[in-house]
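Letters A, B, C and D mark the chains as written, and numbering starts fresh at 1 in each.
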Amino acid sequence: MTLAAGIDVGTGAVKAAIFRVEDGREEWLAKSIMRIRQRDPMQLAREAFDQTLEEAGIKESDLDYIATTGEGESIPFHTGHFYSMTSHARGARFLDPECRAIMDCGALHGRAIITNDPGKVTNYKMTSQCASGSGQFLENIARYLGIAQDEIGKLSVSADNPENVSSICAVLAETDVINMVSRGITSPNILKGIHLSMASRLARLLKSIGVKNELVMMTGGLAQDEGLVEAMREELAKMRGVTAEVTSHTDSIFAGAIGAALWGAFRHDKLAASGMHLKAS
Amino acid sequence: MRKPLLKASPADVEKDASMIKQKQMMTAHYDRLTNAKENGDKVASTFVPGNLNELLMCFDLVNNLPEVNAIQSGLRKQSGAYIMEAERAGHSEDVCTYVKSDIGMMMKGNIGPNGKKLPDPDVLLLSYTGCFTFLKWFELLREQYKCPTIFLQTPYVADGKVTPNMIQYMVKQLKENVIPVLEEVSGVKFDIDRLREYLGKSAKAEDDLVYILQSGKHVRSPIDAYFGGIYYIGPIFGAFRGTDDAIDYYRFLRDEVDDRMLKGLGPVTPDGPMGEEKYRLVVEGPPNYTSFRQFWKMFYEEGATVVASSYTKVGGTYDYGFRHDPDRPLETLAEYCLGVYTNRSLPSRIDMLSDYINEYQADGLLINSIKSCNSFSAGQLLIMREVEKRTGKPAAFIETDLVDPRYFSAANVKNRLESYFQMVEQKRSGAGAAA
Amino acid sequence: MKTFVGIDLGSTTTKAVLMDENEEILGRGITNSRSNYDTACRVAQQEAMVDARFNLFRREFDGDENTAEAEAFLGDLERSFRLEQFLEQLGDLEETCISQVKGERFEKIEDGVKQALAEVFKRLRGEAPPMFAPESDRKSDFFRDIAGSRYLSISEEVAREAELPYDMLLNVYDKSIIAVENRPPKGTLSENFKRALDRISKGEASDFSGRVDRALGIELEETYLVGTGYGRVTLPFSKEHIRSEILCHGLGAHMMYPHTRTVLDIGGQDTKGIQVDASGIVENFQMNDRCAAGCGRYLGYIADEMNMGLHELGPLAMKSAKPARINSTCTVFAGAELRDRLALGEKREDILAGLHRAIILRAMSILSRSGGVEDQFTFTGGVAKNEAAVRELKKLVFENYGEVQINIDPDSIYTGALGGAEFARRAASGRMEGIDA
Amino acid sequence: MTNPTTSEIVARCQELYEDLNFTTAREWKAAEAGRKVIGYLPVYIPREIIHAAGMLPLGIMGGGDNLEVIHGDAYYQSYICRIPRSTVELGVTGRLDFVDGMLFPSICDVIRNLSGMWKMLFPEVYSKYFDVPQTYQDEIGGTFYMGEMNEFRADLEKISGRKITDEALRNSIEVYNENRQLVNELYTLRAQKPWLAPASEAYLVVRAGLVLPVEEHSVLLRQYIDAAQSESRPIKDNSRVVVTGMFCEQPPLNLIKSLELSGCFVVDDDFMLVSRWLIGDVPLEGDPIYNLSQAFLHHSMSTAAKYEPNEEEKGQFLVRAVKETGAEGVIFASTSFCDPALLDRPMLQNVLKAAGIPFIAFKYAENSGQMQPIREQAGTFVDSIKLWSAA
């Protein structure tokens, strides 16, 4: 039996998860999430981790491997670090074993990933250094429109005539949205328009790494946004030569933490098999 | 003066004869290309600048120009999809979109403008004149077509002087690397007299071309030397230099231009004859092809005529006296390649543009900076300031792309042009007031 | 009297300048561009009219021996007038807020929310007079800003007391403020003046109020109007009334400083470098593309990230002696970098100073593309109000272009509108000449 | 004298690297009247000729991430790579005012046009576009190249007022042969024991050779190699990679460090190719110009800036580099907007694909600040090598 924890330090939130792996059975013992909101992510990582320990009813010293991911390279108490795409891919495969492609949409970056059967990342691509079309972008707009984050999805899917939004600066978007509001365009149509524009960018990312008919799992915070998920479906359906289906999961935001924990367990077992022990300190 | 040969209704004669002729030439050329395999014709792909059409003709090779195909895709609004296709195949967003349009087109079946499949080339003539992209472009095509590839290097005329070392280098390459492979591919023996004959024909058409381009000096220019100019250079820069067709075409065109000048008419635009000539501009840089009409309209609607441009010199600079010379066949080919616009040093480009502003009595310089093309674009900001300084005429800078629709922001370009025209206007009235 | 109007529809603010026949500025008006453009133009113009009235009052009082008394009276009048305006908009906001309280989300708590809103607005109204008292320090002149920040804190209190979700109150506000901003002002100007006058004179007619009445009687005729700015294509004017914002900025700067040769304008959404000749004619210019990095919005975004007011950024950054080197260009990424650096214990002022340097470095690049900096150099636009930005700019300009004279006018935000007004004046005089001929 | 430690040597090199005023080169020049300094840009220049003229060849690889570019943007649009604009910045801010000549080797259209710009901007300074043949037959490309080199030699003779003898050239060739051997020795050490000579250190040590007199640099190289071999450093659980595409605009040092931080051992690269361009020693007997031309034509490195006449050979240099260094993958890191590197990349990738070598690709600029995406991409690459390798 192997006990492993995964801690995903993001730019929007810190996520933690603990797993028990035994004979290939993966059991999810605990999870915790904390929005960062201008607090110190390293301290939050500790808090989130402690919460999961408590929920799982174990002590830190019981763990065989503490894996970090995201920006957690400098967390002092980790055993090893996996990079986001490695762990998201693994986490997505846990949430839905059928998926072969992963679209991670976090606060700042989008990452398209393809895995092969054993869950190895075979190709990937990240969005560039412009935040246009990121989670933060959507958040800004929602704030301006006076819409709560969990309302976005529902409103978006109710759109009847989505506004055409060309790719715009995440910061200046506000002005464009004002423009739309003043032209009398409804919030659902604005949101859907933005979702479609984001989705078309992400869909292109997916296609560029060679996604054709794989099941695409959305992970990260924005996977919770049914409006974006729906828009991804529409945009992928529009792409010639792509028949990929899109899915999401209520625990999608934990994909990174899950993946890190599972890879941690895997690495531990592999090293243990070769006689090495990297006990969590 | 020769009368146009083609029949057209009398009112249309002036503007239509050359256009009809050009259409016929293009159609015939693309038909010959797409039927090459059936007809047993061999095809050579090569580039516009430094294109050795006369030499290819000596081997009965059909000249296929990927750049022209990319332009056609741009005008037909297909280039966007082709470029995306190439980017998906791993090409970077940052590189020249001509290459990507060509590669994308190839990946999508290589359908030419006449709706038929373009043939795979039998030989790639990589005549490398002042654009590094050419090198890689044909390496990429070679990877696909696995056909013989001839490399012909044109040294850069960095100091504005063509040296004997350069000519020797090129002639040696022509003799030892180019001609033998062309003979082998085509199965035709090289005949230098044939080459001389074609070169003589080139020179004839070139005389008329220069006359036409220089008609822009006339105040109330009968031509637009950028938007219209693009049509005018088609035959000479493409697959027709050295042919009788080209001679005819330029003769027709010359007659039409003379006629317009006589009548005091301006250029013809897609919306009919142009109205008042309010601004006379010199333009540096290639045009945008994906929104060609829209782009042009921003000029003629405001009464702006382009009286001279550097783009009409990309396939060879003739206005300083160069003509193909049948008496020095290989040397003349070398000199031709060495003289194409983008193989000229920055200082000589500045001289050229400043001369144009003065000689063509232009109101200013407009630079259309093309994202794709480092060969043109790197250094254009310095060119702008230097020309401004030398001529005292205002200059403006816009940024678009050749065939990538993503980089044509109509609102931006229009904003800039409008500001520029108002600037020229204000400057004129200000100067008037001061005087 | 004949007046000429220039309106600069900026991305952040809309500015209007009213000019008389002698090229004297009669009044300036500014408002948020957040609302619809038509309204923004109308509001800015109206504000300029208000300002013009006060200037006319001042002219009326000119040469009076009781200057101090007169100044005090005019001060009172202005504050009182602003208060009237504020209360009017507050009333509108309240009505709108109440009307938003409906539907599924409010099903059980409708009455509670309404009561809470009534309480919030009661308190807001109560706070208003002191806010407009002499010496009080208002953070902004814009309704959204003044009302907004107070609404947030009051409603949080009220929500806690009433045990209602704060989000609800916030949400209602967010929805309503847009609607309110999009409505053109209702009351007519002179009515507001009358009411303001009544409020300070408590109904008693005085010598002062008589003069005010007289000044109010001067008719301000709109002879010609020119619009410009970022939104100029959407301006509700015909083509001959629109000028390129570059030309307007160039001319406006020239009018303020006739010897200026280089102009830098950093507005909310665009940054422009402009070179003008000795008569104010634009020779060359350069603008940034559609990216917030390097414009005023960059600072606005950072201010939001830090939970600070725009006004507070500059002074804090001034405290730094060692600006951090900001790695990210993108505004959003810079925001993330800011958080990282804070978490790593870097000083707020150093990071902020670094961010100011970053925006000015971008401006330097635009300037250099427009042709560099020549004597005299004029800095305009909203960001010119920011002392830290000004400090970095001066430093970089001196280092790279030598000791040029740098002009910054407190009213530089009106540069574009001023140029517009001058164009209007010229157009009208040209037209009149045309008629004469 | 005790041998300095690696960290002492690296600290010295880092100082040289960060010095945008080229103080050592200035001091070298000031030390003796009549000394001249000739600057050159990437990729390759026969430094032997400059050395033989008694001058200091000074490698100018842009301004790096420490230079705030203020004027450079006045010369270049946003879609042109960084190196020419930071080079112009160095020029217009007077940082190169002691340089007596500038060489712009034929590498791409951007540098080519820069040569003309330099003539406009600094008309009083000698500047030359240094053309190289892209055809490799002795009679054709060779003759042309010898012509170019002789022209250059004559130019330098004019500047210095004294003849460059064949003897002097042979001597310079010998000095540079030794320098190249040492650079190669360092590369070999790094390929064998990458933990002893991390890429970020090796980079700085080799880079010092662009600004130091070659003799001094050779001493430094010897010292570093000796010190590195004698120090013990912990072995890390990293993966071996070859990085390619950085032959012109140099990556910021932090990028190289980030690659190492994310788990890479860089075992081969194409940084500052000028130091390793010629493969093997240039013969000392016979006509030195001829020998240099032969080396250029037949024994030189491959990069995207070169035309590959032989289709089958395309990209093989990369496969060989992987094999020789025991690398587990290739990282294509190219400068944004670098046409030569970016156009070459798909072809090279096809070759790697055919050879079953994993690779990833990203872009950078000499002033890239944000390393997180780069760490993430390189890290993911290493993760997948690590998790799935046999070990």
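Couple of notes before you dig in:
Here is the rule we use: a contact is a pair of C-beta atoms (placed from the backbone, for glycine too) under 8 Å apart; a residue touches a chain by one contact, two chains touch by 3 or more.
Quantities reported herein were computed from a predicted structural model and do not represent experimental measurements.
Look at the CA centroids: the one farthest from the centroid of chain A belongs to B. Note on chain placement: the centre of chain A and the centre of chain C lie 40 Å apart, centres being C-alpha means. If each chain is reduced to the centroid of its CA atoms, chain B and chain D end up 37 Å from each other.
With centres set at the average Cα position, the gap from chain C to chain D is 53 Å. Touching two or more other chains at once are residues 289, 328-329, 333, 369, 371 of chain C.
In chain A, the residues that touch at least two other chains are 129.
Shown for chain D are the residues that touch two or more other chains, namely 74, 370.
Chain contact topology: the protein chains form a complete graph, every chain touching every other one.
Contact residues on chain D toward chain C in their complex (touch as defined above): 68-74, 78, 93, 369-371. Across the complex, chain C meets chain A through its residues 11, 33-37, 167, 170-171, 173-175, 178, 182, 269, 290-292, 297-298, 301, 305, 307, 328-333, 335-336, 339, 342-343.
Chain A makes touch with chain D in their complex at residues 71, 73, 81-86, 109, 118, 120-122, 124, 126, 129, 263, 266-267, 274.
Partner chain D is touched in their complex by these residues of chain C: 289, 325-329, 333, 337, 361, 364-366, 368-369, 371-372, 396, 400.
By the touch criterion given at the top, residues 233, 243-244, 246-247, 277, 279, 281-286, 289, 369, 371 of chain C touch chain B in their complex.
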